Structures are given as C-alpha cells and as structure tokens.
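Every chain is named by a letter (A, B, C and D) in the order it is written, and numbering of its residues begins at 1.
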Amino acid sequence: MKPIKAIKPTNNVNDLIKQMGSTGFNARRLSKATDIVEKMFKDKECRNFLGLSGAMIPAGMTELVIEMIENEWIHGIVTTGANITHDLINAIGNKHYIGALDKDDAELRKKKIDRIYDIYMKDEVYESLEDFSQNVLKTLPKKKYSSAGLMKEFGKALSKKFPASHSWVRIAYENNVPIFCPSLPDCGFGMQIWLFKQFNELDVDLFLDWHEFVNELVWTAKRTGCLLIGGGVPKNFILQAQQFADTNHKYAVQLTTDSPQWGGLSGATLSEGISWGKISPDAMYQTVYGDATISLPLIISAVKERLKKK
Amino acid sequence: MKPIKAIKPTNNVNDLIKQMGSTGFNARRLSKATDIVEKMFKDKECRNFLGLSGAMIPAGMTELVIEMIENEWIHGIVTTGANITHDLINAIGNKHYIGALDKDDAELRKKKIDRIYDIYMKDEVYESLEDFSQNVLKTLPKKKYSSAGLMKEFGKALSKKFPASHSWVRIAYENNVPIFCPSLPDCGFGMQIWLFKQFNELDVDLFLDWHEFVNELVWTAKRTGCLLIGGGVPKNFILQAQQFADTNHKYAVQLTTDSPQWGGLSGATLSEGISWGKISPDAMYQTVYGDATISLPLIISAVKERLKKK
Amino acid sequence: MKPIKAIKPTNNVNDLIKQMGSTGFNARRLSKATDIVEKMFKDKECRNFLGLSGAMIPAGMTELVIEMIENEWIHGIVTTGANITHDLINAIGNKHYIGALDKDDAELRKKKIDRIYDIYMKDEVYESLEDFSQNVLKTLPKKKYSSAGLMKEFGKALSKKFPASHSWVRIAYENNVPIFCPSLPDCGFGMQIWLFKQFNELDVDLFLDWHEFVNELVWTAKRTGCLLIGGGVPKNFILQAQQFADTNHKYAVQLTTDSPQWGGLSGATLSEGISWGKISPDAMYQTVYGDATISLPLIISAVKERLKKK
Amino acid sequence: MKPIKAIKPTNNVNDLIKQMGSTGFNARRLSKATDIVEKMFKDKECRNFLGLSGAMIPAGMTELVIEMIENEWIHGIVTTGANITHDLINAIGNKHYIGALDKDDAELRKKKIDRIYDIYMKDEVYESLEDFSQNVLKTLPKKKYSSAGLMKEFGKALSKKFPASHSWVRIAYENNVPIFCPSLPDCGFGMQIWLFKQFNELDVDLFLDWHEFVNELVWTAKRTGCLLIGGGVPKNFILQAQQFADTNHKYAVQLTTDSPQWGGLSGATLSEGISWGKISPDAMYQTVYGDATISLPLIISAVKERLKKK
C-alpha cells in the first residue's frame, strides 16, 4: 500500500487563478475567493479563523493548514474531531494509504482496514493512539480544560515527543494558535478521553470554548475573517460566535461541496449569515463550490505566491 | 407572515411507496428504505437510534419525530444543537415563518429577521429562550450532567410549564427516550448554558454521553438499528459508538442530500461503515438521496400505515 | 430477474402534499409545484409541454406520462431519444429489470446485460428493436418528416401492432399529442433510422420541428406552460422556443437533480429564463430539487386527485 | 461591463497536479485524470474525441479547446449547439460579460441582457448572428450536409471573414477536426438554420453524422479515447458510437458536476459504459467531480507542460 502524502503549496499557479477572475462559474468564484483570502491574510488588524470539516487530514491537506499557521495567517482553528484524530494518528508514526473504491467492505473489515472513501487506514492505529493519548492524559495538570486548552496540551506533548512530526496540532501549539473542537467527544480521540475519564478525574468543559473563542478572540478583535472548509459544527461555531458580537466577519470564504437548496447550514450561502448578524453586510465574501482538496491547494499556493512577492 | 406548520403522517401513501419498490433510482431506494425502517421499528429486540441533522425542526418535521417517539419506535436520539434550540423556541410559544428567497439579507437584518433558507424567525425569540433557559438552569439539582441528562431536565421543565407544547424534547422526556447532543455548545441553546455558567456552577460533561450511549444503550442491546437524517455529528456519533462494540447495526437507513464522491462522512455510503465495524456485514441498509423533508414524511406515513394494519 | 413495473398514480397523497405547503425546503417546493401543475393542467386556454430527460422510462415512469396524455393535460412532449428507445423496447415486448449496484460491469458485459444505474436490460432487445423499426420504416410514405412526424408514424405502427402495449409513444399518437425529439439521432432508435437510411431513402429534417413546435403550437397558443423533468435538450428546446415568441410561459415547473451553481442550462433557475424572455416575468414557476422518480409520482397523484374531485 | 476573457494554459501547475496523485478524493481523481489525458494525447495510434457540454464557451474555456485542436490532441468534437452559438457570437465580434447573481431577471429582461448564471450577453447579438449566418447559408453549395459538414462550412466562412477570431469553430476547421452537433436545431444558431430553411432549400441530415463519426472516425481507428466535459448529448453520442463497434474506448475521462445516484446518463459512472460495450473493460478511465471551469484549465495546462518537456 502506498501512503498518502500531504500536498505542499507550489509556485506559479497564481497566473491561472488570476485569469480565472475573468471567466465564469466556479473558476471565477475561486479567483475571487483567492483575492479575499489574500486580503484577509494581509490585514494585520484582522483576526482570522479556519473552519476545518470533512476528512481533510486523511486526504492530505495537512501541510496547507500548517502553511497558514506558520505564516500567521490564521489565529484560531475550529475543527471536527476527526481532523484531530487523524492528525494525531499521523503524528505518532502511522499512515493513511491510497485506497481503492471497488473493494468489498466486508473484506476490508476482515483485513482490519478502515476505509475513508478512497483512503485506507489500518485499524491497529488505534492501539498506538491509545498508548499516546492515555500517556499524555495521565500527566496533565489538574485543572478545567476547554477543548482548546486540552488541544494545547496535546500540541505540547507532540512538540516534545514528536518534534519533527508533520502535525498541524503540534505546529498550531508552537505558534500559539488555539484549536477549538466543540464536538470533541465525537471522534476516536474523544473516545480516548472518555476511556481515561472512566478511571481518572479530568475536567473538560466544552462550554469554556465559547469564553475563549468569543471573549478572548472575537470581542477583542478589530475585525474578523473566516476561511470555512466544509460546513458542520466548525462553520456553525465560527458564525454563531458573531451573532451576539459587534464585530461581524468582514471577510468570509467557504469551500463547499454542499448546495443551498437543501436548506441546511452546511450548504447555506454566506449571505444568509448576514440576516443573522453573523457576517457584516459590508463584508467581502465568496463561496467556491467543489472539492476543497482541489480548491484549497490552489488558493493557498496562489496566496503564498502573492504575499511573498509583495 | 404565515407560520410553518409541522407535517403529520397521513394514511394511504403506502400503496405509492410499495409501487416504488419495482421502479428504479431513488424511488426504489425510498421503497426499500421504508421496508427496512418498518422491520427495524417492528423488531422488539432491536434498539433504534435516530440521527437528526439539518434544520429539520424549523422546516416542520417535529411531528414526525414525535410520532417515532410515541410509538416507541426509537430508543435514543442524537441531534445537532440547532434541532434542540428551534424546538425550545417553538415549545415556549414562538414561531417559525414561511419565508422568501428573493429578499435582501441586509434588509432582513434591519428587520431583525433571521433566515434559514426559505424560513424566517424573529430574532427576538432569543429573549424568551434566554428567560426560559436561565430559569430552568437556575433550578437544576447540582450534579454532573451529560447532554442527555441536561436535555432530560429541559424536557421535564417543558412538561411542567408547557405541557401542551408540540415539542419533541418534551415528548422524548415523557417517553424516556434520551436525547444526546455531542456538540451541545454549538447552538443558541448551548450559548445559554455558557451564559449561565459564567455566573453559576453547572457541570456538563459531554464525554459522559459516551457512557450513557455506549454502555447503557448499545452494549446492552441485542441488536441495534439507526435512521440517519442528514450527516454531521449525529451520524458519526451513532456509527462511532459501534466501532468498539460487538453489537453492530443490523438495520441502517440514511436520508441524505450529500454524495459519496466528496469523501466526507456526511455523504459516505453505509457500506463504508462496514469496513470500520460500525455496521454489520449482514445488516439491511439503504440510502435515500434527496431532501428528508420529502422522504421522511413518506417513510413515516407508510410505516405507520403498515404497523397499524398488522 | 424481476421486471421493472411502471408506477401508477394513487389516491390520497394530496393531504400530505397540501401539508408540505406549510413546511420548508423542498417539501414546500414540491407542494407549490403541485399547485402550479394543477393550475396549468386546469387552464383550458393554456398549451402545456412536457420535457422528458433522464432515464425516466426504464425507471418506471411510463404510466405517469400516459396519465398526463390521456387526461389532456399536456399538448406536446419534448424528449431525449433514450426515452423513446426504451419505450419502444417495452412496447414490443421486452422488459427492463431490477438490477444491482454491486456487480462488476465487465461481468455484466459478458452476460450481455446493459446497466442503467440500478436497472438491467438484456442487450438482445436491440434485435427485436431492429426488426420492428426496420419494418415500420420500410412502409413509411415517402415525404419529409420532422421528428414529430416520424414519431407519429411509429405511434401509429404501435397502435396497430401492439394496441395493448403500455407505451407512451403509442398513446401520445392516439391522443394527437406530438412528440418532439430534437436530438433524435443520438439514441438506439436513432441508430436504427441511420441504419435504414444507409440503404433507403428517408428524409428526416429535424429543423422542421421548430416549425411544428413554434409556429403550430407556441404561436397559436393563448398561454403556454411547461413541466420539465430533468434538463438537457428537452428543457432547452421548450424554453428556447419562447425566445422569439410573444407568448412566454405563464406556468413553469422543473424537477431536477442539478444545481444552479454549476452554471449549466440543466441546473439553471427558471428565473434565469426570464432574462432571456423564455419565461414570462409574471409567470408562476417553481423548481423541485430531487429525484423525479419520487417527485413526479407525488405530483401526478395529487393533481389527479384534485382534478377528479373538482 | 467587463468582458469575459478566455483562459489560457499556463506553465508550472504540473507540480501541484502531480502531488495531488498522492492525496485523496477529487484531488487524486484530478491527478489520475491528467495522467490518462496525457497518455491519450500522446498515443499517436489513438483517435480522441472531445465531448463539450455546459456553457463552456461563455464561461471562457475557448482557448483550452483551441489548444487541444492545435496540438492535434483531439480528432473529433461533439458539442451542444450552445457552445457553437456562443462561439460564433464571439467570433463575429460580440462579447460575453462578467455578470452578477443578485440582479432581478425581469430588470435584465428590460435592459435586453440575457443571463447565463453569472455571465451576461446583450440580446442584440442575435442580430449580427442572423446577418452572418444567413449570409453564409446563402452561399453554401447545394448538397446534403451532416452537422459536421455544415460546421465545416461555417469554419471556412469564419476563416475567411474573421481570420483572427479566437473561435474554436474556425480553428477546428483549419485543423481538419470535424465538429458534430447531433442536437443542432436546439440552439440559437440552429434557429438561424430553421429561419433560412423557411425560404430556401438546405438539406441538413443529422443522421449522416453517424456515418461520418462511426464509419469514418471510429471504425477506422486502432484505438479511441474521449475527454467528456459534462454529459448530455455529447457524452451519449460519443459513447453510443462504440456500442456496435469493435473498437471500444481505451481511455476515458469525464469532468462532471453530476452524481451517479440520480440514475441519469450525464452522471453515470464510466464503468457503467463497460456493461454496454461502450468502454473497453481494460480501458483507463477516471471521473473528476467538480466544475470543469476549474478542472479543465488545470488538466490542459499540466498536459501541455508535460508534453512539451518530453
């Protein structure tokens, strides 16, 4: 089995992205979104949040998240649990693999291979995830943790034990970018926390995240912006945080495979957020419809190229 | 503005659904799904879970959830926070309204109208939600709550203060059906809990949900089944609970507007769950692609008709 | 192998459809669309066109088309070639079958089974299609045919040789409803015409369809309306016919699985057609997103119930 | 109003596309599709067909089609009528413009602006299209024309009157690449032919296209391949041509926004085509889900870069 390799930004796609601005449909959307992301990342008075949904880490998008962190383009990340779980799995030495779509899932089950669409993962990775997680949890100072607080501890542990790991959790920690996971129980890593808590004291208060996110990051910001990859809890959390704040998002970009006409939050237009006071009526915003595994590498590559040049 | 009215199951759609079983595409999927839901609801040794994602409550699906609860067809519900928030909003006397798609969202903002696709809600509902929530929270016995434990208290409060309310939260409580919300902070109601916790002690431990869901409901079941409306955290939680259990789902139906080819969990085939040990290799399962506001009323109506007759 | 059976309208779904009018999302769209179809079918001064795309005939939608013809609800049909080809295949005694999605297509090829998603057809049906088609073509009066003219001849032939066949082509002929197929060459039946023309004279002029459709049906109508199942050529043809006419569509309903954000005609909103003068600015129009194999049986059943009652 | 500018291939996206081959989801699909297109374009014994659906020409994809023609990568094009109509409109000096999505379509109608999603076109372009088309049609030698034969004449006319035009119809003619349009009546240009034929003799026999496509291009090929942009008639025609041929497609790539689960031809998997004998069981094939306005520029740019280097 050949391993998944995380994609890195490249030079020289900017010309293509620029050209797309004078075309139509989603090519133009992609180009406009790149312009907004560039402005948002350059705006030094703006606090930017990344929403991370969908199996982006198994699919090889890790280095792009790292790029955003290391360049200080984003100042807070809201993620599903899965994108943490699979990052930890990678960080401690396991891999995801190029899989196939035409295999029988019952056969994969017998071979102990977990499938994420066209990606494979050995089920045995949960053993090393358990070892690592339980060991870290054991050593944690006794205090009340938000998800962001807990993720900081795990980032610190990775930094110490796996300092060379290509882990966005580690690098977020090292760059002081908080990681919020409002649905933390709902993932393999969350189940490890539950396992630990069955026999040990550990106070994880996910409502504390609102305090750290809204009071400390949103309300103290002059402006905010967001780059939303997929929908779900990360999108909702980042937008909902603005509902009772004076500081609405001034920049908003979403990369989505969902559609507005189903009525759900994940596919909702950014304009809908204006009615709620989640996005500023004078915000620059753009949705790109399509798979973020294609649009994200293009946007990050082009923005990197632009910001290095200027 | 005309209010949204929750749809109730009707008689006599069963013949159409039966006929669909000999057609193709999603009509056949719908018919097969109805057969599985019928079998699952009739199987008295099977514990069934409802996954509730998407803005199903604003969109008028409340009575269908109530139908499933009152007929003892489902034994646990996993939901997004929004479907709780909007149920409470309805329960305490507010409404959702028939909205339009061609209005300017900045204008709606000025009029204090929040838009959920083609549904309107007055922003002022948050005031009564705050009153109600803070009052209930104030009176809660001091103990550690799972999301299910907390929802039980809110169901009880509704039962007392709004005994005639058409609220699935109230009726779930009255029928001893636990409500799990693994992403509880991430909704308007979750923000009320946060507000309360800024000035009061309240211990809500969302990891406790795993204990109550897995240990008490899944592991003690002879068989389990699931009806998944939409994806997101509810789908993942219900499936993930099985990953380390011996009791895999024997019945599984999902109603989704998402597609497998984007790779995310929400659109993933149920077959993919077999590779993870989340769904039994010998399970009966079926996905219906399309808006659950159409497929759910049809399935519940047909199943009701069938189960009353036999 | 079990055969596909065409679905017939049933009584008593109207209550559910009515209720959907006070819900949200596509349930409401479906209800509103049904209201428009009812009005359009009742309007005796309105000429109504059915656009028929997607493999509706293999999927068992034949009887619904027949229902519309026999009740004089539609006055012209524009179709893809496939929906003619598969109707002829059925009419002359062949069948489509309930198929599976998990079989190897190379194996199906060896067994001479053609797959249409979850529907099977024996490849040998093309032999009887050839016999029938060539025999009919041989006997045709020498003249210039539009696609509608040619389909009339085939309807007549079916009426004579297969008078009991459940064929919408036959029944359209018997009810004087013309069938337009602007892309007639592009189907199995179209290849039969090509085969015949290799050795015989036959003048089929597809530009003549514009004359018969626009001059004879559209320009002479007081009002026009359309029910568009899917997109493609049928949708475009029905809308394009209005572009240079004074009589724009006053009613328009489309049932589609496509989305506007991709920019193509098939997923385009009906509103877009207003800018072109294809749809009247004061038209009643509605799109229902989802599989027509579900929405069409519901609409036709409900409309039948309504129009019989009144 | 700012004009749409057709996007040109750029250098140096190949590295990103290559990297995508080790990721997941549609990024990997895009990378694999690029590999297949490269192999197909390099295979000098393979005859390659381009299927062109969706409003690709208004959306600025013209130069990419031209690139494929001029490099002798494709040997036949099957297109919707719209992609011809809008090419002629551009060729004779009109423009498409960057449009908006939030304007009232009834207002656009009053301003005589036709909207194609986010692209505008002045309705007056039909006047110059009429002048040009009628003038060309007037001079045509009297004979029987296939759509390909007719398009050749229009390519020749453009070559003479608008030799510098960026028109894929002109350049296809100059490079002897035939253009097939099996649904030719169904477009603005097709209506011009109809207009002409009301007062003049002109014999356009669209069944002749099968002869020119199947007998002359497919049956005489050692191998065939196809690049399908969108579905509809072009996809069906290119695949159907293989159904009764010994030479099945050995390479097949489709770029689509449609999904298999709706059952229609446009979203059908390429694998389904194997059951029909339209695609060879040992073919290399790949579908990329997403907007072709993004995937096509990437594929053509990367392939150009690769083929120039080797």
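Just so we're on the same page, contacts are C-beta pairs under 8 Å (C-beta built on N, C-alpha and C of every residue); 3 or more make two chains touch, one makes a residue touch a chain.
The structure presented is a predicted model; accordingly, all values stated were derived computationally and were not measured.
**Student:** Steps needed, at minimum, to get from chain A to chain D via touching chains?
**Tutor:** Minimal hop count between chain A and chain D: 1.
**Student:** Farthest chain from chain A, going by the mean of C-alpha atoms per chain?
**Tutor:** Centroid comparison gives C as the farthest chain from chain A.
**Student:** Provide the C-alpha centroid distance between chain A and chain B, rounded to the nearest whole angstrom.
**Tutor:** Going by mean C-alpha positions, chain A sits 26 Å from chain B.
**Student:** Averaged over CA atoms, how far is the centre of chain B from the centre of chain C? Could you give it in whole Å?
**Tutor:** 38
**Student:** Could you give the separation in Å between the centres of chain A and chain C, each centre being the mean of its C-alpha atoms?
**Tutor:** 45
**Student:** Could you list which residues of chain D touch at least two other chains?
**Tutor:** Expected reply: 24-26, 55, 59, 116-119, 259-263, 289, 291, 293.
**Student:** Using the touch rule from the top, collect the residues of chain B that touch chain D in their complex.
**Tutor:** Chain B residues touching chain D: 24-26, 259-263, 287, 289.
**Student:** Provide the residue numbers of chain D that touch chain C in the complex, in ascending order.
**Tutor:** 53-55, 59, 82, 105-106, 108-109, 113-119, 123, 182-188, 190-191, 193-194, 197-198, 203-207, 209-211, 230, 232-233, 236-237, 240, 243-244, 257-268, 271-277, 281, 291, 293
**Student:** Quick check: in the complex, which residue numbers of chain B touch chain C?
**Tutor:** 2-8, 10-13, 15-16, 19-20, 22-28, 30, 55, 58-61, 96, 98, 116-119, 289-291, 293-295, 297-298, 301
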